[in-house]
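Data block below; observations after.
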Amino acid sequence: MGLLMDKSALAAFLQAEFQQVADDFTVEEVREMGILVRLNVDDRHLRPGGTISGPSMFALADVSIYLAVLAMIGPKALAVTTNISMDFMRKPAAATDLLCDCRLLKLGRSLAVGDCLIRSEGMEAPVARASMTYAIPPE
Amino acid sequence: MGLLMDKSALAAFLQAEFQQVADDFTVEEVREMGILVRLNVDDRHLRPGGTISGPSMFALADVSIYLAVLAMIGPKALAVTTNISMDFMRKPAAATDLLCDCRLLKLGRSLAVGDCLIRSEGMEAPVARASMTYAIPPE
Amino acid sequence: MGLLMDKSALAAFLQAEFQQVADDFTVEEVREMGILVRLNVDDRHLRPGGTISGPSMFALADVSIYLAVLAMIGPKALAVTTNISMDFMRKPAAATDLLCDCRLLKLGRSLAVGDCLIRSEGMEAPVARASMTYAIPPE
Amino acid sequence: MGLLMDKSALAAFLQAEFQQVADDFTVEEVREMGILVRLNVDDRHLRPGGTISGPSMFALADVSIYLAVLAMIGPKALAVTTNISMDFMRKPAAATDLLCDCRLLKLGRSLAVGDCLIRSEGMEAPVARASMTYAIPPE
């Protein structure tokens, strides 16, 4: 199919449309049907004890699959999350960025499905996994 | 079984242990195996267009089931979210608090399971549903 | 909205379209946006030790939400399961039918979402919960 | 960690403990923290039109992760499914076996988490994905 948006186009889209959270995320790699996104961990993502909050990991998974979809279909469409399932498996490393490796498993006309593994940078064992469905409205 | 923490005890626990987010939430009602929690909607919960962000709804579901567990087992235990599944079904009403009505379906020694419906205040049709599992570590 | 199919219409539909499994299920009650369905437990649903198999509970949840959708939209449409999330919480009672109490939370033009609680007949505590999404193809 | 059960040990275990369904499945490959399992598709797995039923795919995912856990911890333990989330993404090919490629993401003392992709034999695009949690009781 080919990519319609590259790393810099996705970053510019985030800054333009989601200014509030754009600095939280860095697109590390984008490929056909997949993406790697970094959560730039900051105090606002932490819980007491230094662990990264569940909502921050949710946001990372959500934005990653969203950007993976946009990379394939372009910025014109408004995809809406309809379902997410997440397993939290290990405590993230303290004060360490998270990396979210995401793949699209289906990119249909009206539904996209993807999953991702979230790891603390430098660690092999995943912290969390997520699968998500996006509804893609007709143009 | 009986409640071990009431509304004010839960609110004090949130302020002491989760100061960063405590002002986001108000415990409206607590009962055996259930709770009603309000998300005090503010600019930081919004996405462009005024809709409430997915991570904010995740946080509301997560804190609600967590507090419902604590109300039953007391503040001494550290419950950890291990799984969440959410369906996002309707757009929340603009600039309106969310109410999360949560029930515990299982409260075992090591696992608790609950689900909840999230509604915009004053609306009957739910905005989202969530089910969650918490691991309760041995004392 | 009103019901387009009642108990006997749903039972006849099951016999006509899903003859292979129709005898497994009895529609006990049908109401707007909800249904109660019985799994007529038989040897083929059991695992060693007499417990009811996971796939049998999956089938019960799946058929229940499917029939709840058909009761509202009529037999003409072909709904397809796109997502299911289930929690298995307790061991079912031995040699006892299961009852699945299901409610539709959303019935849109293209997506329906419902959840259900499965109990052993005569027991209050639920054995399992499920939430499901169905895609409703355009006519 | 090393494998405690190989293909033939897993097959023998299925025949001894789950005789009712053992012929449905063939263990194709087993590796550390992963397995490939075939559903030997037969009339009893089909729905009208020749498509493979949802419960059959659920059973395939469930048995695959179960066997992947047993391969690592041995036949002595009784793992119980506590959660499953599945996305059904494409119609399976007619009259074609399914292959379920499963990996364990976590294998803790009390909880195991895995996910899998289900494909029609000979097709690249996945038919379904599943993630599952198993509770491993203390010995």
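Chains: A, B, C and D, in written order; residue numbering restarts at 1 for each.
Definition applied: a contact is a pair of C-beta atoms (placed from the backbone, for glycine too) under 8 Å apart; a residue touches a chain by one contact, two chains touch by 3 or more.
This is a predicted model, so every value here is computed, not measured.
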Self-check item: Those chains which touch chain B and also touch chain A
Solution: C, D
Quiz item: Higher C-beta contact count, B-C or B-D?
Solution: B-C
Practice problem: Count the residue numbers both chain C and chain D use at their shared interface, divide by all numbers used there, and answer same if that is over half, different if under half. | Solution: same
Self-check item: Interchain centroid distance [CA atoms averaged], chain B/chain D, Å
Solution: 34
Quiz item: Quick one: chain C and chain D, Cα centre-to-centre, how many Å?
Solution: 23
Quiz item: So, what's the distance in Å between the C-alpha centres of chain C and chain B?
Solution: 28
Quiz item: Which residues belonging to chain B are in contact with no fewer than two other chains?
Solution: 82-83, 85, 87, 89, 133
Quiz item: Draw the chains as dots and join the ones that touch; what shape do you get: line, ring, star, complete or other?
Solution: complete
Self-check item: chain C - residues contacting chain A, complex
Solution: 82-83, 85, 110-111, 133, 135
Practice problem: Sort out for me which residues of chain B touch chain C in the complex. | Solution: 85, 87, 89-90, 105-106, 113, 115, 117, 125-126, 129, 131, 133
Quiz prompt | Residue numbers on chain A that touch chain B, as the complex places them | solution = 17-18, 20, 44, 47-48, 53-56, 58-59, 62, 80-89
